[in-house]
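Some structures are shown below for you to check.
First subunit A sits with subunit B, and in the next complex the same chain sits with subunit C.
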Partner chain A sequence: MKTFSKYWSIFQITLINSLAYPGELVGRSLMIIPFMWIFYQLWKVTFSAAGADGGMISGLTLRDTLWYLMLAETIELGRPPIARTMSESVKDGSIAYILNKPYDFLLYQFSTAMGETIFRAMLNAVFGGLTVWWLVGAPNHPEGFLIALPAILGAWVLHFCINAMIGLSAFVVEDVSAFTWIYQKFSFIFGGMLIPLDFYPQWLQTIAKFLPFSSAIYGPSRLFVTPTAEFFISVMTLQLAWIFVLVFLLIVAYRRGLTQLTVNGG
Partner chain B sequence: MTSIEVSNLQKTFQTKRKAAGLSGSIRSLFKPEYSSVEAVRSLSFQMEAGELLGFIGPNGAGKSTTIKMLTGILHPTSGEAKVLGFTPWIDRQKLAYQIGTVFGQRPQLWYHLPAMDTFILFGKIYELDDRETKKRIDYLTEAFEIKDLLDVPVRKLSLGQRMRCEVATSLLHRPKLLLLDEPSIGLDVVAKQHIRDAIKRMNQEEGVGVLLTSHDAGDLEALCKRVIIVNHGQIVYEDRVSNLKRKFLTTKMVEVRYAEEVSKDYAINGVEILKVGNYGVKLKFDTTKTPVDFVMFNLSSVGDIVDITISDPPLEEVIAKIYKEVENSSLMDNPRSRKSIGTM
Partner chain C sequence: MKELKFLIAIWKTNLQSAMEYRGAFLTQVIGMIANNFIYFAIWIIFFNRFKDVRGWGINDMYVTFGVLASAFGLVSLLFGNAFTLSDIIAKGRLDYYLSLPRPVLLHTVASRTIASGMGDFIYGFISYGMSGYFTWDGLARFVLAMLLAATVFAAFLILTQSLAFWFGMMTNFSNLVLNAMLTFGIYPITLFDSYAKLILFTIIPAALMGAIPAEFIRAFTWTTLGQLLLGAIGFLSLAIFIFNTGLRRYESGSAIQIEV
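Right, the complex of A and B next:
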């Protein structure tokens, strides 16, 4: 109980800390509004050019596509820059304080990451949701959000695992910006952040859907617009499999990285 | 009882080397070159429970690297260490319950939140009961005089106020050992005094041992009973602070004021005259070469003395002298050098 209570306290203090500058928090979240407007213009033209005005492309209507993209952006914009934060703490030496406390380093990082995520994601969902509602109307399956919720949490766990692994490489290489850039681009392409994977050619869809990037973005977002029991099971199964693999790899990487750590400064 | 036992501890870092300019950058991209830096070399020492031990040395001497190995953050390249019975890099989490740390240049308080939030968080992290945490916060706020500071966001505190809160936070869980890495860096005289008084009090009241690294000889004089001086990752001197003073504070500075005018040719054998004024003289002598009574006799034979001040050189000068002697005697590569210098 005390163990859980310490990570809960870390989560809480990060949550409070994220409210230190509410203006910055709201301002940053407002960015989702122009994003959604651009997506709307882009996909309206695309649907029209494909002769699918009011119809479907690969099983998705324009409304579904916009709500899908809203959730994809919410997941992506809500997550904190864990890899960069870890890299900075290695560079400026503040990792010394994180490592010398009686808690698990990875659970500490996860608790802070979730603390930073909650308000950001909520605001993104509110602003993004209102914008899409205004542009294309209510989602076809509002209950889809509740069904997608476990997958959204799973998506953040996956994001955390991948980002923490990139962050851990800072123990050896210090600067991880190149890796985070590559990860972001993979998320764009294979995660379905800009284009739902359903619009890809079949062979690319097959590859992309089995990669962890799709479990972190496409899976929960698609579940929101298609909340069937069958799809829920398939998304959660794949996601849990990836979480299992990545958590294992993360623990191994952490144990190895710790022996290689160089703490900068005096 | 021993709280720290270090034997032949060694830490070597691999540092990437790169020639200046664009060509150097490109070359290092394809053929990176690394060199080894021995931050800590064959370090061995012991610290007793409840002891106040100063660990000093110039920049890059290996002080912080040693502290980071003793807290388990860094793994050594070779060697052994036991801190409160634990091997730090193996039992890091278990050890963390028993030690407190302050890295003077890095904040552990949550910067945008009041210090009280960090206190409460640390209470949870160290698994203290809420009632115990509250009692402890009351005690520490009184000891460190920070009662009025706890509800102010840390970013609004002065450096001195923040450091008092930092050290108090590190003592929340009643550690047996406090590792302080440059706790007084950048502080003014009053703030330094505040911190030193509070640390001394915690040592006396709770018996917490303190291993302190510092550039400030004042910290050493005010707090520590024993000192270890390191340079280039090795111990170059290890003794009680009182012995350090006795062995190295052999130079005396004397300022004398006479009732009558003093001759400009004022001189005493074996004494360096620094300044001669109309009525006063400033001089310096080494007590091992020129006896004190000989100097006093000569000073009084010149005329009637109105006022006299005799002072020791600052401890910083003494430490600088030790560094210089070590460099000159080329004993750096000999791990036994500390004994040779210790008996100088």
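Right, the complex of A and C next:
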């Protein structure tokens, strides 16, 4: 319990810190507004041109699609750049000050990442939600947000694991920006961040839905617009399986990475 | 002519500096090319399913994305500090450039190279080559349109970031307008109504970086060339005017800065 309280305190400190510059926080979150507006333009034309059957494409209406994209963007824009932060701390040597403290490096990073995520995501959800509400009206299933909440938290855990692994590669290659770009683009494609996976060709849907990217974006977002018990179980089962696999890989990568770390300065 | 020699000398130094870490440089260039290919796959998936958006198809997207990527890459390579000009102004780092006998704006923005820009620049040509619109005279138009689009983009960055002379730190605002410019630039212009188009030619001139250059590349018309020239000259003049006006208000705390 004492161990847990240590990381809870780190989480709380980061959470409060993230409110230190409210203008910065709000300014950053405004970015979701033009994104949602342009998505609306694209999908409005697409739904209309496709002569969507009963106003639906692959089981989603225009309204569902927009709310789906709002949550997908909220998850993506809410997460902090962990890989870059870790890479910077390797480059400037400040990692030496973190590694010699009486806490676990990975749990420390996780606590700070979650502390930075909460308000950032909340504000994105507020601005994104208001924009989508104004454009297409209220979500068909407002209760879907509560049902999707565990999957959203799981999504951040998955994002953390993958990003931390990219960050750890800085122990060997120092600059990780190329890996973060490529990871982000894989999230876009296999996570269904710009196009819901349901609109993909069947063969690609099958592959994408099995990968961790879909558990991190498509699963929670689709659950929000289709909050059924069966879908909840299916999303959470796959997500938990990926969390176990990725946490294991992360621990192995961390232990191996430590043996190769060279601190240049500080 | 003197300024051109000076610029070439800076760019040469920047390139040598970036190439010092050859591994990191190549990783960034190749990584950015791969990144763009992967991103573009989304549009391939989209147009595979929905065919076209009001007459705008995948081939048009190849050209639009190509010219936008190359223009973005060129500005990143040659005028990398244009992306962080507001920080330089707000943190008093213009002192260094003011103390040297060269044009302040030109010297400041040209003093950094973003290595990944090379990846964007190269990718743009590949994308155009894959568009199905490739012809040799089309390639000449691609180069001209890309230069004009890069001018509009650089001018837009200088213009928005120079507002830091009046409002201080504005990193978030700069990121917001940069993202808006790139996002609106890549989407089919046929999506937008006339009011939105007016915004895309003026307040956020994304149309002059994506759709209009793409139209000019596909087929020469005096109208599109005129729009691009007018946009490039107009935005560049406005950007220089705003920067110089702001510069008169500039003050720093005489902090000790080291420019590397």
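Simple rule for what comes next: the second predicted complex is superposed on the first by the 263 of 266 C-alpha atoms of A that agree within 3 Å, B and C clash if a C-alpha of one lies under 4 Å from a C-alpha of the other, contacts with A are read in each partner's own complex, and residues count from 1 in each chain.
Heads up, the rule we're going with is that a residue touches a chain if its C-beta (ideal position, glycine included) is under 8 Å from a C-beta of that chain, and two chains touch if they have at least 3 such contacts.
Quick caveat, the model's predicted, so the values are computed rather than measured.
Looking at the shared chain after the overlay, A:Leu30 reaches subunit C, while subunit B stays out of its contact range. In the overlay built on the shared chain, the residue A:Ser5 is in contact with subunit B alone; subunit C does not reach it. Of the two partner chains placed by the overlay, only subunit C lies in contact with A:Leu42; subunit B stays clear of it. Look at A:Asn17: by the touch rule set out above, it reaches subunit B but stays clear of subunit C. Touch criterion met: A:Asn100 reaches subunit B, while subunit C stays clear of it. In the superposition on chain A, A:Phe179 makes contact with subunit C only, while subunit B stays out of contact range. Within the superposed three-chain model, A:Thr206 lies out of touch with both subunit B and subunit C [touch as defined at top].
Shared interface residues of subunit A, touching subunit B in one complex and subunit C in the other, do not exist. Per the touch definition, subunit B reaches subunit A in the complex via residues 13, 59, 64, 68, 71-75, 92-94, 96-97, 99, 101, 103, 105-108, 110, 112-113, 117-118, 120-121, 124-127, 153, 181-182. For subunit C in complex with subunit A, the residues that touch the partner chain are 23-24, 27-28, 30-32, 34-35, 38-39, 41-42, 45-46, 48-50, 52-54, 116, 171-173, 175-176, 179-180, 183-184, 187-188, 190-192, 196. Those residues of subunit A that touch subunit B in the shared complex are 2, 5-6, 8-10, 13, 16-17, 20-21, 92-97, 99-104, 258-259, 261-263, 265-266. Put simply, subunit A touches subunit C in their complex at residues 23-24, 27-28, 30-31, 34-35, 38, 41-42, 45-46, 49-50, 173-175, 177-179, 181-182, 184-186, 188-189, 194-195, 199-201, 204.
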